[in-house]
Each structure stands twice: as C-alpha cells, then as structure tokens.
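Got some structures for you, see below.
Below, subunit A partners subunit B and then partners subunit C, in two separate complexes.
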Partner chain A sequence: MSASRVVGVARAVASKDLRIEWRSRVMTNQVLPFAAIVMVLFAFALDNDGILQRVAPGLVWMATLFTSLVVVQRSFAVESADSAIDALRLAGVPSHGVYLGKVAALVAQLVVFEAVLAMLALILYRVNVDLHGAVLLVTTCVLGSVGIAALAAVYGGLSVAGRGRETLLPLLLLPAVAPVLIGATRATESAFGSDGARTVEGWPWVGLLAVFGAIFLFGGTLGFGPLTDE
Partner chain B sequence: MSNTTTSVPPPTRTAASRNLGLIAIFGSIVLALLGLFFTAEDVDQGSSVRIMYVHVPTAWVAYLAFVFTAVCSAGHLWGRKHSLNLDRLAGASAEVGVIFMGVTLVTGSLWGRLSWGTYWQWDPRLTTTAFLFVTYVGYLAVRGLGGTQHQRAKRSAIVALFAVLEIPLVHFSVLLWRSLHQEATVLRPNGDVKMDGLMLFSLVFGVAVFTTIFAWLVLHRNRVLALVDAVELRGIDAALEARRAEEVPS
Partner chain C sequence: MKETSVVDVRDAVVLLGSFPALAEATLTIGRGELVVVQGANGAGKTTLLRLCAGLLPLARGTAHVMGHDVSSDRAAVRASVGFLGHANGLYLDLTAGENLSFWGDVVGASRPEVTSAAQRMGLNERLLSTQVGRLSAGQKRRTALAVLAVRRATLWLLDEPHAGLDAAGRDEIDALLRDAVGAGATVVVASHELERSASLATRRIEIVGGRIIESGGRK
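So, the complex of A and B:
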C-alpha cells in the first residue's frame, strides 16, 4: 500500500467531508451562530470587561472545545447515516487514509471556527494582537486543531458502531484534550498579551501542542482501522 | 441438552479464591486495628494521618489496576488468540480501579481539608488522579457500548491504550501549568514525611492488604463477566444448567 494511495484517499475523504459541509450549510448556519452565542454568554456570565479581557484566551478555547464536539458528532453522523462508512469499508481503501482525511477535514473546520472565535474575542472582549502575536495565534490554532481532531476522529470512530454515542464523546474527548486546552490557552494568552504575558513566552506551549498532535496522529493512524473495521 | 461445543464456564467460587478472600478480610481487620488504635498520632497531622492507611493503599491499587488493564488490553490486541479472557480481566480490573480511585479522591480530599484546610488543591498529582478517574469512567462506558464480544474487546482495548498515552501527557501539561502559578508552599503536599516504624509498617501492610482485596475482587468480577458473556452466547438456559451442575448435593 503506497503512501501516495493513502494521501489520495485522505484527500478524497477530506474533500468529500468539506463538500458536504459546504453544501449542507449546517456549519455556517447552525454551528457558527452557536459558537458566537457561547462567546456572548461568557460575557453575560462574567460581567466585567477587565476579567473578560484577562480570561479571553481561555474562553476562546473553551468555546472551541464545545464547538468541536458538535463538529465531530456531525462529521461521524454523516458516516453512520445510510451506512456510508460501510461503503467506505467495502471500497477497500486503507483505513488510515480515511482517518487522515477525517482529521484533515476536522482541522480545516476547526481553524475556521477558531478564527471566528478569535475575531469575536477581539471585538467583544477588546483584546489586542500585534503581528508577532498573530503568527503565534495562527500556529497555535493549527496545531491545537490537529491535536483535537487527531483524538476526536478516533473517538468519533467509536460512535459509528455504538449506541449512546452522542453522550459518550464529551466524556472521552474532553479529559483527553486537557493538554491542548492548557497549551493553547497559555499560547493564546501570550499572543493576546493578557495579564502582561509576552509573546515569546507562548512558543514553548506551541511545542507542547505539536508533541500532543504528533503522538495522537500516530496513535490514531494505528487505532482507527481496528476500531471501525468490525 | 448439554452443550458440547463450548466449555462450561468457570464457577464463581474456588477454594483458592475463598482463602484469598479470608486473607483479605483478616488483613483488613488487622489494618483497621493498626490504623485506628496501635499507631501513634502524627506530630503535625494528629489523627488525620490515619486516613493515609486507606488513602495510600487505594491510590496504589487504582494505579496497579489501570496498569493491569493496559497490560491485558495489549495482550488481547497483540496476542495471537485475541483472548476474550484478557479483555474481561482488563474490564474487571478497570472497574475495581475506578472504585478505588474514587475512594482515593474522597479520602484524599478529606485529609486535605484537615491538613491543608482545603478539599482540593490544583496540584499535578491530584489533578492527574481526577483525570484518571474520569478517563476510566469513560473506558467503562465504552465497554458498555454493545455489539459482539470481540467488538467490545477490540474497541475497549484500543481505548485503554489511548488512556495510557493520555495520562502522562495530562500529567506533564498540568505540571507545566502549575509551575507557572506557584502556590503557597505550606499547602503543597509533601512526600517526604518522617514516619516511625509502626506507621511505616502499617502503610506497607495496608498496601499488601488492599492488593489482596484487589486480586480477590478482580478474580470474582472476571468470573462473573465470563458468566455474563456465556449467558449472552449460549442463552440463559444453558448457563443455568451449568450453574446447577456445579452444585453437588451433599
């Protein structure tokens, strides 16, 4: 099984997922407004401009995690509807190609959500980002999304074959992505300059995100096949 | 209507496991006497140190249980026979581990209230323990997803191995996180406590007793899980027949 075949399958699966989302407009019409309302509700709950500015990075990533649950459920609901995953299996394509494709589509969607959430933080919570901070922020978003998606695709894969899956995903995923929340929040703090954090302090946390993403991309590539192939 | 193709499930009781149970009960009584009466109060902690004789052993057993779960899961996945018995052992061990981890968290926060003045500290060890607890609750939920026994085994084995990957990462990231927010050192849990001989003995004895309890519980839980699987495979009638055959009238 050549590497180019795996890449080809991954690209096909990713573009299929993104095309479905683009055409169904569920993400833009339902999930994005949900993410936005979470950011507004945080402001109601905390009710203080100073606190909001200080905790903005944490809120952005909490909102990202909540949104990621919806996105992942959606990504695998598409597979279990009409037994689409069976068709994928019957196609005889390498399962890690399917996994990497699902991850790539999830990463693309999550990065869009994070961009919107960060913009909302800039507007609603009045945080500031300079150019170096923006580079740090973009890197954090991409690597953080890879970490979340790498794990989420595995646990989402479980949902294809099980009952009670909607409630199971948060239980499995949220504790597991705690390192992403910690790393990404600290890096974003540096990017926003919250609480006097300097931008350069954020890069070691980006390292943590990279390690996390790499480990679970590798683990997921191995584990996804046996998990869904039953 | 005997079923000749599948073996009779193991009984839930053997002489060996009964003796193990007796040792566990006897050990628990001795431990309770040691912990409550024979050991002295701690100079700083007073009587609250007695919680340690339960807290430390349960924490040890919980970690042991999760390591055992991981080993059994790996054995199931990579073993040539993909043994279902290893899968059941992994499940039984995780169940016992979750219970003991719950006891660890409760006893730990009670001790923390007495010693540090607070139920909870964002200490890396505590935080990782809480994450372990939630992660294995999730693992048990995955075991209950349904499907065939081999599906369950493969699925939960992979989730167990993912949990093993997650925990060091969670611990490491919490460690990094806490190193930024250094707390007052008085409240930090400190491992190197000076202990007198009997206290140390009670602690080690507690670990031994709780390990025996763990072994006994896992043994029985494993047998019960085997019966549950047998019931599922052969139907309730066949399992009942086997259970009756096991009871020899005197």
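So, the complex of A and C:
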C-alpha cells in the first residue's frame, strides 16, 4: 500500500469530517457554548481571582478533555449513523488513512476549542500571557491536541461498535490521556506564569507532549485497523 | 490466486456462535450472472453474502471469491466486492454528490468515473446537490448503488435491496441491477420475495436451514 494512497485517504476523510461539522453547526452551536459554560461554572465555583489564576491551566485542559469527549463521540456518530464506517472497512480502504484523517480533523477542531478556552481564561480568570508565553501556549495546544486526538480516534473507533458507547468512551479515554493532561497543564502553567512559573520551564513539558503524541500516533496508526475490524 | 468463477464455495460451514448458519453449502457463480438467493428469515441468506464479502470466518470447507481465498486473503476479497446490507453506508449530512466524490477520493476514482456512476444510477443534478438525509429511501439506495459503481466493485452482494421501497422504487432498483450486470458486474441479491426475484434473476437459488438448494435454472 503506497504512502500517497494513505495520505489521499487521510485528506479525504479529514476534509469530509470538517465539512460535515461546518455544515451541521453542531460544534459552533452546541459544543463551543458547552465549553464556555464549563469555564464560566469553574469561575463561579472557585470565585477567587488568586485561585482561578493559579488553577486556570488545569481548568483549560479539563474543559478541553470534556469537550473532546463530545467532539469524538460526534465524529464517530457521523460514521455509525448509516454504517458508513462499516462501508469503509468493507471496501478495503486503508485503515491507516482513515485513522490519520480522523485524527487530523479532531486536532483541527480541538485547537479551535483550546483557542476559545484560552481566550476565556484570559478574560474570566484575568490571566496574563506575554509573547513568549503565547508561542509556548500555541505549541502546547497543537501537541496536546495531537496526543488527545491520537488516543481518542482509537477509542472512538473501538466504542462505536460497542454497546453503551456514550459511557464506554470516557471510561477508556480519560485515564489514558492523563499523561497528556499532566504535560499540557504544566506547560500551560509556564505560559500563563501561574505561581511565578517561567516560560522556559514549560518547554521540557512540550518535549514530553511531542513524545507522547508521536507514540500515541504511531500506536494508533498500527492498531486502529485490527482493533476496529470485525 | 486462480480465478475460474466469481464465487466458488464448497462444503462451507459458518458458525454464528455454536449455531451452523451455513451447513456444508456449495455454490458456484459465474461472471455476469444476476443471482437471487431466496429463503425464509434465518435461512442463511445474509450469512452467505457476508461470507462472500470476507466478513465471516469459515469453520470448514473452502470459499474463493474473485479467485481470492476468503479464509486467508480477506483484504483482497473486500477490495473487489461491494456489499450493501440494510444500511446504505452514506454520510447523511453530505449531499449525494459529496458522498460520491468522497468515495471517488478514497478509492482513487477519476471525476469522469464518478460522473458516469451517478448517471448510470439516474442521479441528476438536483439529487446530487441534495443532502442524503433528505432523500427518499429509494434515492438513498440509488446513491449507495452508485457508490458501489464508483468503487469499481465487480461483485455486488446486496442484502434485501428492495426493503422499504415502494413499487416504483423496486422497479427502479431492478433496472439499475440489470444495467450493472450489462456493464460487467456480477450481482448476488438476497431476497425473500419470490415474485420479484423470478423476474429479476438470471438464476435463483434457495437456502433452507443453511443448505443451498438450486431452485431455478439459468435463463
């Protein structure tokens, strides 16, 4: 199987997923408001600027994880609504391409959500970010999204065929993304300067996120086909 | 790989759990045939189609599809076979045209091939630009058949393709299947409708209790 075929399939799957989301407006009209509500509720619950500024990085990534559950379930609900994912499987379409396409579309959506969540943190929690912090934050968001999406696409594919998939996905995904949550939160603490953290202290965590992302992506590419095959 | 017939199943036993859904079934289908598989619910029609699509393992016997061994070369079988079950396998939020384009992209079909498949299945501009979720059951089925054509499937395995369609829709599907055979495809249809299959098929076979019984000769 040629690499260009896999890339072609990945591109087709990613653009199809993004087109469906753009057209359905589920993300903009339902998931984004959900993410914003989570951030606002955190602000109500903690109701103290000092605490909020200190815990803002963790809140941003917890909200990202909750949002990612909705995004992933939506991504695979589209596939299972008329058994399209079965048709892809039966047609012998390279599973690597399908997987990479799903991951690319998830990353694109998660990065948008993280941008919104970070903006909300700046406004609601009064967090300050300088230019170096912004570069660190953007890099963290991209690599954190790759790590989450790489795992989520595998578990999303697994849970789509199972009974009780709405509850199965969080059970499978949330414990597995703990390393990404830790790395991304620490890097974001440095970007936000929480508790006096310096920007330079965040880059090793970014390196760790890159390693996690690469491992999850490699494992997912190999495992998606056999795991989701009947 | 040797290809003497499109489907060559011999003494096949397929177990669903411990239940033998196919019990020493033997069947040969040649190129260009339009075969209707009849039988009561639970007789083994769907199991036979799923075996030929490389979706079920053989417990005993042999099965070759398009010259590929179903037991050892399922990926090759799947690539050359188009299986259409009760679902259409379409994206409901995309238009019919976008569904066809997507499949064209993933299988590497050219734009003219996609256009030709749409024309063969009677999908005009209006239908192609309509979201699949808003199409009628018959129009969805036609779109799904066009996808099989885009995929260049040479063996079409269709499980109850007339289900949920009105009389006009059923006639339309029959005409499309005859056209597909005329264009070089081999079609196997599972159906429990005796009257319709009699007019459609070049050959009819019957499954009773997982065993295949030839009931109609070749036309």
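Assume the second predicted complex is superposed on the first by the 228 of 230 C-alpha atoms of A that agree within 3 Å, B and C clash if a C-alpha of one lies under 4 Å from a C-alpha of the other, contacts with A are read in each partner's own complex, and residues count from 1 in each chain.
Throughout what follows, contacts are C-beta pairs under 8 Å (C-beta built on N, C-alpha and C of every residue); 3 or more make two chains touch, one makes a residue touch a chain.
These numbers were taken from a predicted model, which means no experiment stands behind them.
By the touch criterion defined above, A:Asp82 reaches subunit C but does not reach subunit B. Of the two partner chains placed by the overlay, only subunit C lies in contact with A:Val93; subunit B stays clear of it.
In the superposed pair of complexes, A:Gly50 makes contact with neither subunit B nor subunit C. Legend: residue contacts after superposition of the two complexes on their common chain; A:Gly196 is shown touching neither subunit B nor subunit C.
By the touch criterion stated above, A:Arg19 is placed in contact with subunit C alone, subunit B being left untouched. By the touch criterion defined above, A:Val9 lies against subunit C but remains apart from subunit B after alignment on the C-alpha atoms of chain A.
Subunit A residues 230 lie at the interface with subunit B in one structure and with subunit C in the other.
By the touch criterion given at the top, residues 151, 154, 158, 161-165, 168, 171-172, 175-176, 178-179, 182-183, 186, 205, 208, 211-212, 215-216, 219, 223, 226-227, 230 of subunit A touch subunit B in their complex. Listing the residues of subunit C that touch subunit A in their complex gives 53, 55, 75-76, 78-79, 81-83, 85, 87-94, 98, 102-103, 105-108, 132, 147, 151. Residues 77, 131, 134-135, 137-138, 141-142, 144-148, 150-151, 154-155, 158-159, 161-162, 165-166, 169-170, 172-174, 176-177, 180 of subunit B touch subunit A in their complex.
On the subunit A side of its complex with subunit C, the touching residues are 5, 8-9, 11-13, 16, 19-20, 23-24, 78, 81-84, 86-93, 97, 230.
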